[in-house]
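Take this structure, written in structure tokens, and hold onto it; I'll ask about it next.
Chain lettering (A, B, C, D, E and F) follows the sequence in which the chains are written, and residue indices restart at 1 in each chain.
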Amino acid sequence: MYTVSVRDHFMIAHSFHGEAFGPAQRLHGATYVVDLEFRRPDLDANGMVVDIGLATEVLRAVMAGLNYRNLDDEPAFKGHNTTTEFLAREVFDRVVAAIGRDELGPGARGVESVRVILHESHVASASFTGPLS
Amino acid sequence: MYTVSVRDHFMIAHSFHGEAFGPAQRLHGATYVVDLEFRRPDLDANGMVVDIGLATEVLRAVMAGLNYRNLDDEPAFKGHNTTTEFLAREVFDRVVAAIGRDELGPGARGVESVRVILHESHVASASFTGPLS
Amino acid sequence: MYTVSVRDHFMIAHSFHGEAFGPAQRLHGATYVVDLEFRRPDLDANGMVVDIGLATEVLRAVMAGLNYRNLDDEPAFKGHNTTTEFLAREVFDRVVAAIGRDELGPGARGVESVRVILHESHVASASFTGPLS
Amino acid sequence: MYTVSVRDHFMIAHSFHGEAFGPAQRLHGATYVVDLEFRRPDLDANGMVVDIGLATEVLRAVMAGLNYRNLDDEPAFKGHNTTTEFLAREVFDRVVAAIGRDELGPGARGVESVRVILHESHVASASFTGPLS
Amino acid sequence: MYTVSVRDHFMIAHSFHGEAFGPAQRLHGATYVVDLEFRRPDLDANGMVVDIGLATEVLRAVMAGLNYRNLDDEPAFKGHNTTTEFLAREVFDRVVAAIGRDELGPGARGVESVRVILHESHVASASFTGPLS
Amino acid sequence: MYTVSVRDHFMIAHSFHGEAFGPAQRLHGATYVVDLEFRRPDLDANGMVVDIGLATEVLRAVMAGLNYRNLDDEPAFKGHNTTTEFLAREVFDRVVAAIGRDELGPGARGVESVRVILHESHVASASFTGPLS
């Protein structure tokens, strides 16, 4: 199995609901450094998993839709705790949608699964991995 | 599949038995930077894989049981080479025992598997991954 | 010249005022990974620059005063853009105050200067370095 | 499942063929930092996945066969784009060949699979993972 | 003293002249991860060392002038070994020229010195630091 | 000012004397990842600060004199706490001695100062910087 991974980041404000979150129930924020990984069993005609230039652009576009925002005000996240693991899934869903719109090129249809890792600090991270159907 | 990972470290002395270890047969030591990763297929009611605050406390407690020790003197390791891969399994077993004692909260019962990675330097690491039964 | 450095982090929300900040004028947030470095020309009787246990506690206490907050609501920051470089100076001032209260032990009086580095992402950081008078 | 991983690097020149590569069609180069990971379900009699000293030597020997070269001039790569993912597979094949020649010791026959990760910058990497048959 | 630092990278081919370089006399290449650091004694009216958005653009422009090239073919480097330390100075000179053209904004005139660090692998780096006159 | 830096590591056991060290008074150990940095105001005829190949060999030789040892048994350290800052100075002294024996080549006489950084974990490090007289 081959993978290719690209990295970018976004910076947001949010708060959490539920006693389990302790002081993180207050409005605070985070930098998320994001690794976006594509997996496929063989390479395309160019010898690539995906076009890394297009992958970088897709990731940048997904970041732009989240960056410099207060997630508490985003209708899409109403009623959800925007934990690191929840946001990893959200980035995954947006990347998969971009693949569906052919923004990664037709070659990206050979991708079997995608992994999104969000690093929230030097000591904590979360990820979501799922297949492309 | 979702994951959440937290990081801590411990510092120990030990020596190895067997010619394969060369100069590491002498008493020496290591810093192990530990990544503890929890995996589950869906999030709990709070939108979490595990309570990251409790996960950090469990990891710290496991580290405290190993930190600042000469492992050659620990009865638990008698007859074993405490290699990095062996210690990754040891940390895994202690975390699984803590989950069994509900120290990660009842929500942690949704965790399917745990991965423990030990970084012994900037150029070497080892890990153990296993299911929660 | 000797140095000792310890690391911790804090997570905050804030917004900036001024066209130069572009989309960062919106309420957003950041994780700051903080390196706190002490410099002195010789070691104390224990062979230390500072007591690294006390240094870690002082840094944790300073982090606790900033963590999980919306800096726009903090009276101390009224009228200031809480940029990364501004916050590096703020952490510096709080550490110096703690040294003045002997929280790092009497040995810390041998420290000549302190450096605070704040990493806001994998691609950007800021620092403040100043003498202890 | 246990893993052990060792790290080294090599530095090469190459160029790519195909419009998808844009300016990377020009002769340029890269540093590849390589993580070589061995996976097996149980430890050998010494408590090891593989002899980490031998693993380091095998990786160094494979690096020496690639380092300080213009890959466009290597007959082995004729007609191929030596992308990061392609080179991850190439390192994998050379490591597997070394295991076949018993250069990792007879104990390495317990290894089930190998993963090779190539980091080409702070924001991009690729990998190949395959079984040892 | 305050600093702000931004990171980017470039990928080039080159060869070295002189027996001291051993196998690096052959045509090979490197990824250089670049940290560009600005230093000044006080902050501007916005609370900044430099406009970090402009700093990122200036660094990207300098990288674009070096990226995906064979430095052996660049007239500017004729007769020079393009070692990591030499290239750190080259990036410094190009950044200083951009400041002279006001590409970092008029506020950048308060910058006292600039440091450029080039990381060529996980085990080697070089830097050049100089004043702005 | 130019710098060049190379990295290696060593793994030792030791214990500390003095209440300030708490549980670190017990026999334990550490991995030290070492950055060795050379500083000089101009480059030599090859365009280098030092011959990076020789620098790597000198660092490796110094590491070999410390690696896989119990520092409590080393006569050279009798009566000293082998703290991270103390060991940074020790590595510095051994490197300076090697330069005095011309092991870095005659060109290394242009080096003005040397910095040694020891990373003992992901959250703590120490350094010593001194001139070459």
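Operating definition for what follows: a contact is a pair of C-beta atoms (placed from the backbone, for glycine too) under 8 Å apart; a residue touches a chain by one contact, two chains touch by 3 or more.
All values derive from a computational prediction rather than experimental measurement.
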Applying the touch definition from the top, give me the chains sitting in contact with each of subunit C and subunit D. A, E
Greatest Cα-centre separation from subunit C belongs to chain D
Chain at maximum distance from subunit B, centres defined as averaged CA atoms: E
Centre distance in Å when subunit B and subunit F are each reduced to the mean of their C-alpha atoms: 30
Where in subunit A do residues touch at least two different other chains? 7, 122-123
Given the complex with subunit A, which residues does subunit C contribute to the contact? 7, 9, 11-14, 23-24, 26-33, 67-70, 120-123
Which part of subunit C faces subunit F closely enough to touch in the complex? 1-8, 43, 46-49, 51-53, 56, 105
Subunit C - residues contacting subunit E, complex: 16, 18, 20-22, 80-86, 88-89, 122-130
